[in-house]
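Going in written order, the chains are labelled A, B, C, D, E, F, G, H, I, J, K and L, and every chain counts its residues from 1.
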Amino acid sequence: MQPGHIYKKTEIVGTSESSLSDAIERAVARACRTLRHVDRFEVVETRGTVRDGKVESYQVVLKIGFRLED
Amino acid sequence: MQPGHIYKKTEIVGTSESSLSDAIERAVARACRTLRHVDRFEVVETRGTVRDGKVESYQVVLKIGFRLED
Amino acid sequence: MQPGHIYKKTEIVGTSESSLSDAIERAVARACRTLRHVDRFEVVETRGTVRDGKVESYQVVLKIGFRLED
Amino acid sequence: MQPGHIYKKTEIVGTSESSLSDAIERAVARACRTLRHVDRFEVVETRGTVRDGKVESYQVVLKIGFRLED
Amino acid sequence: MQPGHIYKKTEIVGTSESSLSDAIERAVARACRTLRHVDRFEVVETRGTVRDGKVESYQVVLKIGFRLED
Amino acid sequence: MQPGHIYKKTEIVGTSESSLSDAIERAVARACRTLRHVDRFEVVETRGTVRDGKVESYQVVLKIGFRLED
Amino acid sequence: MQPGHIYKKTEIVGTSESSLSDAIERAVARACRTLRHVDRFEVVETRGTVRDGKVESYQVVLKIGFRLED
Amino acid sequence: MQPGHIYKKTEIVGTSESSLSDAIERAVARACRTLRHVDRFEVVETRGTVRDGKVESYQVVLKIGFRLED
Amino acid sequence: MQPGHIYKKTEIVGTSESSLSDAIERAVARACRTLRHVDRFEVVETRGTVRDGKVESYQVVLKIGFRLED
Amino acid sequence: MQPGHIYKKTEIVGTSESSLSDAIERAVARACRTLRHVDRFEVVETRGTVRDGKVESYQVVLKIGFRLED
Amino acid sequence: MQPGHIYKKTEIVGTSESSLSDAIERAVARACRTLRHVDRFEVVETRGTVRDGKVESYQVVLKIGFRLED
Amino acid sequence: MQPGHIYKKTEIVGTSESSLSDAIERAVARACRTLRHVDRFEVVETRGTVRDGKVESYQVVLKIGFRLED
């Protein structure tokens, strides 16, 4: 974060059938489709669903940070 | 949450003079007027105001979750 | 809790279409069907689902405390 | 809270056999009998007791805020 | 917060080279350029960067609260 | 979670020499061998052991949620 | 806590040169000199001071709960 | 804190139109008008109000610690 | 914890009239009467009751960890 | 941890362009270059940076535990 | 933080008689005298001492982050 | 803590087969062998191991505070 700039954080949940990282990457990619200047994320929660004795999906709650335009 | 979808969370505060549940319901109803695909909420904080020795209003801070369109 | 006794805590989630209290009461009633000497609970989380712009269900996560027999 | 004023917070536990809101209202009413200028509360903990498979009482721990006189 | 109204909270990060208060004030001013009815804030995190053995910038993460129009 | 149902949460620790996801998947698979109707998990802690300068094992503490039969 | 009663919590710090339990017992004894109907405590923090390479004192922060008279 | 002494903590909220430090100092000064032997404070929360796009007031919630007389 | 094994955690409350350690030891001993392979514990909460100005009992909430058989 | 031994914890941040596990492994490997008897870690925070709509790096904050020599 | 680098965090407490910012700046300056590549800090706790009804000193607990050399 | 001084905190885990206090005292004694001006500690976690149905060891995680030389 550069001095003088203002940033915003928004909370996004990515889901994936394959892995935690894939859930993170999908959330980041989706956020970048509608937000500009996204430059960081924090993981705030990791969850998932189970079906037939297996992990069915991973859900990762992220805080996405992006710079507001002046 | 269905695998493959991306969700967003937003923080809304409902207020009510009558009850905690009414405050939750009003916040949910208001959120649904401007957001589509709202499907869940979490209570993150419960507060209120007092006047003349009685509860004047209940304030419930909710995280509202909704699915983003692809 | 009486000195000399040992207690156990277990986590139960009650759901209800009508209210938070109803969700708590259903969780307590269900816990008491299989556990003996239940004597307290703590609310650890309050959530719910939304459908068609309204609260569809309340979900209350409780810790249920019960005394173990000697 | 108005600028220039000083407030105090005190922790009160209300109990009720009927509901969470009743426990909150009783705690607020009791606090106002001995404190002046009470104008807000926050719920910090929700608990209860169980007897014969039913909720016997609700206990709500509140922080009560009141303005100190100058 | 007035009974009957609904509020929203959004997370903003203010930065400043001079002080914590300046970082807060810049975040508030920026938020008010795009949001109406902003009436409160909470500090949720305080951080900063260091360069050449000195504080280079202060970063203050705020939750900004504003009333939604009916 | 469906309205009207009651769920239980239990805490399981999965370990794996290969990855975090493998630790999660092993914990889920083991839980499903003795519990019915498991449908969700939350990660509550991530730890591990080190030997000879390398990660020897990952330990993931999960809360496993399952529906109780009526 | 009995249904219908109202309780208050107050924060007391006990110190002792000999042990944690002694610090707790001294804080409880002191609280009971000025408060009536004290019936419970919770430990919220444990600290201490060091002098000449040894524990000089234990400090235990307690929340003390007592019933308010009607 | 000196071994053998007992301390109490009380929660005070200072407000100021000018700065965070001023809010802290006012709360401390006010607490000292009615309490003796105040010797420490901890900041537990920082908030404020906004009016016309500017910080109108800072609110700082403090825990004030003071020694009880024997 | 050994790689490849799965562990479970359960929450037990030990009580004792004499000391915190005695409360821990009683909870551990009781847990081991019905669980096999118990190998660790964590203290999650420390409380107690007061009677006639003295500590009447200590209550220690423990998480007990034990290895599940394959 | 073996009875009688003393351990130390230190906080390390590993970064990686490829995955969370790689960030953990790099932090562990680096810590072991300067510390002896490292035998455990805990993940305390997971963050990352974003560039051009993609995860640019993962940052994992670890607490590293190692035994002190007598 | 740049991908591929490893960072360390250490906890420092700065004190000042004049202000919170001065306490932060002194802690940062002192840390930089013995550590190289310090580039960030987080405030984890804010406390102080009181004497004669006034703030005598501010104490700010910081986590200081610095890059380890390869 | 005296105004003008800078302190550091470090995390140490003491273990003992006999009691919590012994674990604390051993950690403090060990820290003082390599650090100067240690003057306080905080307990951040209490754990232990179990063997043959009994507490085998207590583990207490402490933050140790010491003054840095100018």
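Basically, a contact is a pair of C-beta atoms (placed from the backbone, for glycine too) under 8 Å apart; a residue touches a chain by one contact, two chains touch by 3 or more.
In this text the structure is predicted, and so the values were computed from the model without any measurement.
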Subunit J and subunit F - chains in contact with each: A
Computed distance of Cα centres, subunit H from subunit B, in Å: 32
Euclidean distance of C-alpha centroids - subunit C vs subunit H, Å: 38
Of all residues in subunit F, the ones touching two or more other chains: 10, 20, 49
Touch relationships between chains, expressed as pairs: A-B, A-E, A-F, A-J, B-C, B-D, B-E, C-D, C-F, C-I, D-G, D-H, E-H, E-K, F-I, F-J, G-H, G-I, G-L, H-K, I-L, J-K, J-L, K-L
Subunit D-facing residues of subunit C, complex: 20-21, 24-25, 28-29, 32-33, 38-43, 64
Footprint of subunit B on subunit C - complex, ascending: 19-20, 45-51, 53-55, 58
Residues of subunit B that touch subunit A when the two form their complex: 1-10, 63, 65, 68
Touching residues on subunit H, where the partner in the complex is subunit D: 10-17, 26-27, 30, 49, 56-57, 59, 61
